[in-house]
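One structure coming up, written as structure tokens, with questions to follow.
Just so it is clear, A, B, C and D label the chains in written order, and each chain counts residues from 1 on its own.
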Amino acid sequence: MVGAEDVTNPVAESTKGIQTPPAPPTNVTAKDIPNDKGGAVTISWGKSADDGSGAKNVTKYEILRSTKRDEGYEVIGNTVAGATSFSDNAAENKVLYFYKIKVLSPTGTAESLPSASTFAKRQWFNLSRLSLFILSLVIGFAILYFIERAKSEKGLFIRRIAGLEAVDDAVGRATEMGRKIIFVPGIMDMDSMQTIAAVTILGRVAKLAAEYEAKLEVPVCTSLVMVTCREVVKEAYLNAGRPDVYNDKMVYYVTNDQFAYAAALDGLFLRERPAAVFLQGQFYAESLILAETANSVGAIQIAGTAMPTQLPFFVAACDYTLIGEELFAASAYLSKDPKLLGSLKGQDVGKFIFLLVILIGAVFLTLNSVLGLNLPNLGRLF
Amino acid sequence: MNGEIIGVWIGAILTLGIFSFLYKDNSFYKFSEALFVGISAGYWFVVTFWQYFIPKFWDNLSLSFHELVVNGRIDYHWIYLIGGFFGVLMLLRLVPKIGWLSRWSLAFIVGTTAGLQFTRYLESNGIRQVVGTIKPLVVGGNLGTSFGNIIIVVGTFCGLIYFFFSKEHKGAFGGAARVGVWFLMINFGAMFGYTVMSRMSLLIGRMDYLFADWLKLIK
Amino acid sequence: MRREVPLVLTAMVGITMIIAHFIPPFNILKDLFEDWFFIIAAFAIYLGISNLILVNGDKIYKKQKGWPFGLVVILGFLVMTVIGLFFSGGTSFQDPGTPFYYLYMNVYYPLSATMFALLAFFVASASYRAFRARNVEATMLLLAAFILMVGRVPIGYWFSDWLGDALGKLADWIMDFPQTAGQRAIMIGIALGVVSSALRVILGLERTYTSGE
Amino acid sequence: MDEMTNREKKTLWENLLSIDRRIIFIFIAIAISLPLFFKTSLKMPVSPVVQGVYNAIESLPAGSKVLISFDFDPGSMPELQPMAESFFRHCFRNNLKVIIMGLWPQGPIQANIALDKVFRELKEEEKAVKVPQYGIDYVNLGFTAGNEVVIDRMGHDFQESYPADARGTPLSEIPLMQGVRNYDNVDLIINLSAGYPGTQEWVQYAVDVFHVKLVAGNTAVQAPSMYPYVQTGQLTGVLGGMKGGAEYELALNRPAKAVSYMFSQAVAHVVICLFIIIGNIAFFTMRKRKT
């Protein structure tokens, strides 16, 4: 070990024998790491005066720990020269610890004074997320409030969303032409809210398809989505009074693979020439592969995603695109259920809060910059 | 011919098979597509088995089993049995009479997703973006930065107005929403144009594979 | 039982996950639930695979149009699975030199990369068709895309070299400012959309997927 | 007669308004393929971030040790492989010692592919120059699982993550690795990255903690999010996508794959732009006729 260090530090050769130890690290402090589930302490110190250059140049620091102030120190880890902090992840909760830092150099070692005692503890609330917590409550309650109010209130206004107005036409057109409707619920699994939103939209589309007697086909990318879509479509046909028409074959699994799924769908589009294609959910690069091929067979395409990177391609290639938030609003919009529509109004309250924060925050900073005032930076609140 | 050369030939032929789709649907493409679907389904099945089923389920349970048999202790890894229980409920779909039990697993999954993404999105998509938008509209002596900041604040503000559902887009509100749509359009156009380069890189990569690795026409 | 259990389960799990974000000791549950999700998915993949084999087997059995391709699907699946599970060294199945790796590099990868590369063609055909100056909005879309396309490759530099690479700088400016502004509006909207639909799911208002008879 | 030509003209514009997409496909295929056959040198400014990468390597004295981490897989080959080759060319030209590793399973294999190519060039072009020797001029440590934890451990001791190289030789028996304990004994780290773990992790765990000097090559999609690190100096330079790779080749005065790829890029972009222009001219001509 020592030999290897000698090789890397030619200076050591010339100073051998002098053996003055390096200056010890200073100011050792130990603190519990806040907002965690406990079990960790962060230790920091001031560098040895010999850290950086010279014959006594520090090679590394060792971190020592004990439960008594003056004895029983054990090495619990080490860091390279230049470091000034270490995190002890093996501390037991509610046990008092003292820490020392030992400095190592080619000419000898030195130990710092022990730190003040500290102990790791578990926090019951993550204070760094307090603002998020308050905001969650405010927006959550706004949504709940408007859901409640919508039950009694009549004629809640919701603006027109063109892509959703077109759903009826698309299903109707498929019926007239006697061609299929293909619904693609994205390529992600049920651990994405976008997939869940897509599946609820599928429920509304399937109900329409059942009523119009249009043929519906749902090729999917994962097993869990297949199971969920089957439940939803079956339920929709039942609600439309057509359980006889439903068949498990309407919803089938293709493959978990992104591009193999795209290859299969491309083939399907060309062979079936569907009248309408729904691309709803979470998409990645395959978005344009699907949209361009469906476009080439003349299908009406209604797309919707909350993937900002893929929206441009849907906007360019599809007839209608639900942009981000509109995807999540779609099921409420299509259901016309007052309670669900009320939740949309609750979302607007959230937007209003954000707009207000942006506006006031920007005005404050502008006044600070122009008039030299000292108004608070609202961004720091979060 | 060694394995490597055969491999390049297989790869090149399948590459051409996929490209043939650009002209029209044909048997060559259908073959490549079918092979791709089969191979990829197998690929993900194997990956799921070795990287999820084994480490997350099997290894955890064998650990518990080992503890029980060797030390006679019941350790906490048994809790992974609950995951397995939900998994088995899922498979009950294959038994029509009790298939409805799989809804319990679905309910668990949907609940987890909703809870996790609630805070995750509010934090990273909501708060972080709002904080990033709070900028001074006038920065003393720096016209470029001032103009850029104004664009960011106005653009984000108007863009958000477009997303209001419960207020009709009329009058000044409608005007702001329209400006918002312009910003959305610039965003879409710019992202589209920005991505073209990396998409071309992909095709260049394939062409290079065909001309250099396979046909050896270029070095 | 059929109706209530799923509703209660969704609500309980959902609320626990939200709380876990604020109460550190609950983090253990968060990790655990995520692991359970993977376990459920690992079990569920058998449903998908059996469906895939059923659909294609049916095609072959009934000699439907294109049945030989159904055979290719099943054979492809079997070859990859058998080799991956039994002949490629267990958990190190993806290491170079295994038969699984050979199939990955010479069959799976070329197919995947080529499908991905089709985008180069589709980007071209989509931009030709979509980027028409029909109205103000479409013109904005067109201009932004055009400037970025020209500004990010050397042609932009050749055209505007005498202006100090003005096109390249304009492209960067669009990305940094108006593009970012539009993106932010979309992202903030999405955050609220997710919050609202997550709440609807947890409250059981939107329960199309778990409430059948 | 006049009527005839008029009608023909009309159909011409109509055709241009809805060109069969397969015609566009053919043009794109040609635009991408043809330039690959020409050895061309493009005129392009070398941006400061790329110059930063070049300078960082160029300023190292002969014999300095460079650690290159290959954190990508074949999916990003078109963008990152030319950069990898250029890095090797640059390092061997300046007689630098190269230590190769990977946080992605297939990374070190990509390194071998690139080395193979660079050595073949060396043999063909500069017969006088000796080909670098394994174990003396370069070494491939291979892949180790653990993502950013590997970066952190190597800050203490390489042997914690890599007891032996990819061929199974213990590090202590490799001449190049004599005296190399951790990042302190390495003069520069180069990271080729296509995602996670990658440049961001190298910055957070190696630069911020162990104060190493880092340059990176990134995919075009990832590069913009790395620019902030360059501004703060945590990253000495970054090559973004094919364009960054091409600029580096030009800085190196050794145009290769990325430069010729860039030619394809430029031609393809021109073709797309021309089609957009044609579409718009046709659109406005038709609209004028109608009104």
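Note that contacts are C-beta pairs under 8 Å (C-beta built on N, C-alpha and C of every residue); 3 or more make two chains touch, one makes a residue touch a chain.
Owing to the predicted nature of the structure, the values given are computational and were not obtained by experimental measurement.
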> A-C or B-C: which has the larger count of contacting C-beta pairs?
Replying inline: B-C
>> Can you tell me which chain lies farthest from chain B, using the average of the Cα atoms as each chain's centre?
In response: D
>> I'd like to verify one number: the distance from the centre of chain A to the centre of chain C, where each centre is the average of its C-alpha atoms, in whole angstrom.
In response: 14
> Centre to centre, by mean C-alpha position, how many angstrom separate chain B and chain C?
Replying inline: 3
> So what's the Cα centroid distance for chain C and chain D, whole Å?
Replying inline: 25
>> Could you pull out the residues of chain B that touch at least 2 other chains?
In response: 18, 21-22, 30, 32-33, 36-37, 39-41, 43-44, 48, 90, 93, 103, 106, 109-110, 112-114, 116-119, 121-122, 126, 130, 132-133, 153, 156, 160, 163, 184, 187-189, 191-192, 195-197, 200, 202-203, 205
> Which residue numbers or ranges of chain D touch two or more of the other chains?
Replying inline: 21, 25, 28-29, 32, 243, 265, 268-269, 272
> Hey, what residues on chain A touch two or more of the other chains?
Replying inline: 129, 132, 136, 139, 191, 193, 196, 224, 227-228, 231, 254-257, 259-260, 263, 292, 308, 311, 313, 315-316, 323-326, 329, 344, 347, 351, 354
> Which residues, counting only chain A, touch chain B once they are in their complex?
Replying inline: 129, 131-132, 135-136, 139, 156-159, 190-193, 196, 224, 227-228, 231, 254-257, 259-260, 263-264, 266-267, 270-271, 308-309, 311-313, 315-316, 323-326, 329, 344-345, 347-348, 351, 354-355, 357-359, 361-363, 365-366, 368-370, 377-379, 382
> Can you list the chain D residues touching chain C in their complex?
Replying inline: 19, 21, 24-25, 27-29, 32, 42-45, 74-75, 105-106, 109, 224, 243, 262, 265-266, 268-273, 275-276, 278-280, 283-284
>> Please output the residues of chain B touching chain C within their complex, sorted ascending.
In response: 3, 6-8, 10-12, 14-15, 18-19, 21-22, 30-46, 48-50, 52-54, 56-57, 79-80, 82-84, 86-88, 90-91, 93-94, 100, 103-119, 121-122, 125-126, 129-130, 132-133, 148, 151-156, 158-160, 162-163, 180-197, 199-200, 202-203, 205-206, 209
> Touching chain A in the complex: which residues of chain D?
Replying inline: 21, 155-156, 178-179, 181-185, 209-211
>> Give the list of chain C residues in touch with chain D in this complex.
In response: 94-96, 105, 109, 112-113, 116, 120-121, 123-125, 127-129, 131-134, 142, 146, 149-150, 152-155, 157-158, 165, 175
